[in-house]
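Take this structure, written in structure tokens, and hold onto it; I'll ask about it next.
Chains: A, B, C and D, in written order; residue numbering restarts at 1 for each.
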Amino acid sequence: MTTVLDRLNFALHRSMESDERVYVLGEDILDPYGGAFKVTRGLSTKFPTRVLTTPISEAAIVGMASGMALRGLIPVAEIMFGDFVTLVADQLVNHASKFRWIYNNLVRVPLVVRTPMGGRRGYGPTHSQSLEKMFLGVPGLKVIAPNTLGDPADLLAAAISDEDPVLFIEHKLLYTRQLLEAGKADLRDYQVDQTFGDYPTFTMRPTKPAHLTLACYGYNFELARLAALDLIMEHEIFSEIILFSQLSPFNLDPLFQSLERTGKLVTVEEGTISLGWGAELAARSVEKMRGLMVRRVAALDLPVANAKSLEDKILPSVQDIVNAGLYIVE
Amino acid sequence: MTTVLDRLNFALHRSMESDERVYVLGEDILDPYGGAFKVTRGLSTKFPTRVLTTPISEAAIVGMASGMALRGLIPVAEIMFGDFVTLVADQLVNHASKFRWIYNNLVRVPLVVRTPMGGRRGYGPTHSQSLEKMFLGVPGLKVIAPNTLGDPADLLAAAISDEDPVLFIEHKLLYTRQLLEAGKADLRDYQVDQTFGDYPTFTMRPTKPAHLTLACYGYNFELARLAALDLIMEHEIFSEIILFSQLSPFNLDPLFQSLERTGKLVTVEEGTISLGWGAELAARSVEKMRGLMVRRVAALDLPVANAKSLEDKILPSVQDIVNAGLYIVE
Amino acid sequence: MRYNVLAMDDNFTLYKTMLVIRRFEERLLSEFSTGKIVGTTHAYIGQEADAAGIFSVVDTEDVVFSNHRCHGHFLAYGGEAYQLAAELMGKASGLVGGRGGSQHIHWRNFYSNGIQGGIVPIAAGMALAEKERNTGKIVLVFIGDGTLGEGSLYESMNIAALWKLPILFVLEDNHYAQTTPVEKAVAGSMSARFTAFGIPVWERETSDVLEVRSLAMEAAASARSGTGPACLILHTHRFSAHSKGDDPRSPEELARIHKIDPLTIHGLRLATEEFPRAASEVAEIVNNAFDRASLDPFPELCSEY
Amino acid sequence: MRYNVLAMDDNFTLYKTMLVIRRFEERLLSEFSTGKIVGTTHAYIGQEADAAGIFSVVDTEDVVFSNHRCHGHFLAYGGEAYQLAAELMGKASGLVGGRGGSQHIHWRNFYSNGIQGGIVPIAAGMALAEKERNTGKIVLVFIGDGTLGEGSLYESMNIAALWKLPILFVLEDNHYAQTTPVEKAVAGSMSARFTAFGIPVWERETSDVLEVRSLAMEAAASARSGTGPACLILHTHRFSAHSKGDDPRSPEELARIHKIDPLTIHGLRLATEEFPRAASEVAEIVNNAFDRASLDPFPELCSEY
């Protein structure tokens, strides 16, 4: 069986093999360690000159990636924990993502910044956050997140081939997850469609007409599926699931199509609720359609505590999604 | 007549006078220059030991402010241009705003970070942004913005007295604006109410029942008033205006009350539209009420160009607000 | 006045302080397998001479900002092992009620946070506050060799030097940042990075707590003298993995550095009968800490900020 | 091969390069009152020897990352005055179509951005790319004394030194950052901040373009030699305000520094008849640039990214 980690690692290997402009840089990424979450494992053995372990200098890592990208290389930078994206905010917002436009399209900046986000591993308040929302809507920056339905390898390869900067968000708990197989296991009861393009959006429609739409990305797709199952089994409520790979720029057509059918939206994410990803989904949906019902499921507006008894209550649960579904349908 | 600049400057003087724990730090804030936008003028002459001009080190400025706040001082830090908040993101998100909660309320962090945001002065892509949206919803951080209706001095004084960290957003074009006087000039045709508390929300109700609600903050209140006037004069459409001083945490009760009356929401802000302030307003409103009509007015999802011909089209205009109002009412 | 017996500065107490740290961290690492602790931790084992030496000379009222590897600092500062253990187990009785965990603790004038580098300007700001409030305190901030990579360190050195702040930068060079050896991460000279800003440096390759102590005494005195910041660079060795299982070092290298054990080095100064006494006193502290903490309740969420 | 006549390295051309910069900036400043230019700008007047000297020795294919005070660098690099003027006026014919303006320009291998410090790691990344692609190019990155305050500079120096990148740090110390004198912003020693990372420094207090030239030649050769980064520190003076009207310096100080005029200093090496020639050739370039640019249309918004 293949895990998300395997596929991400595979994509890095394949990209480095097929294009010698691809460089990987980040903290502690050399073998045998292969990075804090092992995504870069094997790369430095195979491509010793193109895998660069850096000092603890997140801003410089991303700044250097910008410079490399401007001058003919294709850098893939790893930020060890997503919590540290605050340190690269200036490089992403005021440099990498601006250059193409402010230089009147005379340049491209093909860089990827990969980073693990998310909690539930007891890492405490500075190593458990989901801060991607700070970068959603930044002009010129794409934000992409893999999941178990699409192939994370394709997604990462597309990000590496992308001529514009991409922030690639990997939830820590996804790494060990198995990829799903269409038509099998808990996908059996869904018809799965996906949009064309590099960063597909998936639409999962149950066998019966759905009562509501669950929108999610990344690891929360795992929770959303469980919640959908519970809603069917316990309450005979059917959900369509819209699973995004591309978080930003926002392209919500599949969501709108689903909402045409259900009129009810539940968004699911792990970041804190206020001005999270779901806010933009809610806003665009209500701008487009009248009479919608909307409910967002996300973390409480608190830091992620270290103690599991607190973390479990702060981060969204399957039950929270079920409750949102029930609330909105009833 | 009194300008917003006068009042902010006055508040700094008064706070420094009345509490010797108040320190002001930032780049180029000494007299005779008195800061890039003159908000700190006169302070260093009057309080030479408590006004600290710093090197160009935004992260350290805010980091130092945190340390000062943890150890008994009340720092007010100036970041010369709001575009540079990306450089202080780590200090705000992973340090200042977290300490109180992660230390189990054993500490308070009474700091203020003041910074000018906004365009329309031809300063180009790295000196014209409205990036406050990156910090809305950050747990533990308040985001406050003055306007011409409330007294900016009271607001800043409240921020300085606040025991928690406050990011205080000053739109550059507001500085030279005159404060409005209740019942006079273009306030004459409105009944103005405000919430209690340090960071009031204002509700402006026209003499006739309103067709829609305009939500705004800071400088955009200037545009919203003009748009409201145009909507009355040209189209006989009446608007309530809900003017926020506190952007985050989101406390939207006055907005909801207005929406109960109008059912139609137009949000106005100068940041780029996607996942801006208006998104959270739209999301919370639609979560609460069914059948709402919503339209957001904001900047295009592009950098702010230097050329005026481009900047004018990128940033939201009075006409854009009018159009949104017409769209939503018709 | 010390908060507890740990920080008295006779040889026995210095030894005992180091032993408390050693046994605390060992017990902590073992608790991961019992499931009583989740997440991760950064053990101080091997570096005990630094904390024990430094905190035997700084004033108990001085302010400390520590980093991810903070347990040793905290225990040597005089912090209670029980409250720390409770924090690590995520208990309501923990130092900060279970909210912070291993890297984010606070007690009296001791603070820590898990972001490399970001704590340094904060410590500088604290030093400014102590200076302005004429408290006579200095601020100690702890960084590792790897943290020399973070820009905010240099911003802080510059301001601290310009404003003559009473701050002592303590750089513990254990030759590795996680898995990265210092040669791959630090160009030029460590000490020159401080002297370039006009900050005087006290530097030694040592695991002898008495050497650390005398060096720390000088450096702290300088920081306290009103002439501005000082820097203490201690080249040392960490015996355990960086956190859990991330150790790229060869068995030979590990064997070599284990010979430079601060407990062995300082142990030569103790009388034979002091060892069992130290062992039993320390066992009691550590066992009591973990056993007691494990019985405590988990925190409830109070959802308002 | 140079892109244009400005960069030839005889005395006349060096003078002319400096004069183009001087007259361009003067004209630019005057255009604010005509309303043809809005926003702000940072004039290079007084520092012309730096740019003229440096770009008389670096290769035209070398890569440049410049900062907010970039016009002088750009013109000495061989950039066209007309396209720059058009950019400053927000015209479609500007270097980057009016999108960037004064601080955000790009042409061939020349780049600039308006965020202090942030450009330095980018320049280091460019140097890495040139090195890996074996182009033989070096990257020049321009910073001011004030920019020594930004942490990303030190992160970049460290990595550039570790990886032996072909980058030349050019530090133009004009003694002020906006209104802040260097004593209030820079602790310790400027050059030691570079040598601490093992980066060799060439440093001079001079406004003589020939001195700059010979120093730059050595520093650039070092950066190109494969041994890693080099640093050129030039102590100079800016004559105008930082941007517009923000100048805290006394009339005496201004009078004193105006005596150290690179045009006067280098002018001593010109024959009398060369002055009117330089003046008229330069007037033509500058007038043509602004006059032509002012007739060009403004850009239309293409709203897709």
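Convention: a residue touches a chain if its C-beta (ideal position, glycine included) is under 8 Å from a C-beta of that chain, and two chains touch if they have at least 3 such contacts.
Here the structure is a predicted model, which means the values were calculated and not measured.
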Centroid comparison with chain D (C-alpha atoms), farthest chain: C
Whole-Å gap between the CA centroids of chain C and chain D: 46
Centre-of-Cα separation between chain C and chain B, whole angstrom: 41
Chain B and chain D: spacing of chain centres that average the CA atoms, whole Å: 36
Residues of chain C touching at least two other chains: 97, 99-100, 104, 113, 115, 148-152, 155, 158-159, 162, 184-186, 305
Sites on chain A at which at least two other chains make contact: 54-55, 57, 59-60, 83-84, 90, 94, 98, 101-102, 124-126, 139-140, 249, 301-303, 305
Contact graph of the chains (line, ring, star, complete, other): complete
In the complex, chain A residues that touch chain D: 23, 49-50, 52, 54-55, 57, 59-73, 75, 90-91, 94-95, 98-104, 106-107, 139-140, 249
Residue ranges of chain A in contact with chain B within the complex: 83-84, 86-87, 89-90, 92-94, 98, 101-102, 124-126, 131, 133-134, 136-140, 248-250, 272-280, 282-283, 285-287, 290-296, 301-303, 305
Complex contacts: residues of chain D adjacent to chain A: 63, 65, 95-97, 99-100, 104, 106, 111, 113, 115, 118-130, 132-133, 139, 151-152, 155-156, 158-159, 162-163, 305
In the complex, chain C residues that touch chain A: 38-40, 87, 90-91, 94, 97-104, 113-117, 146-151, 177-180, 184-186, 246, 248, 298-301, 303, 305
Residues on chain A engaged by chain C in the complex (per definition of touch): 27-28, 30, 32-33, 36, 53-57, 59-60, 83-84, 121-127, 300-303, 305-310, 313-314
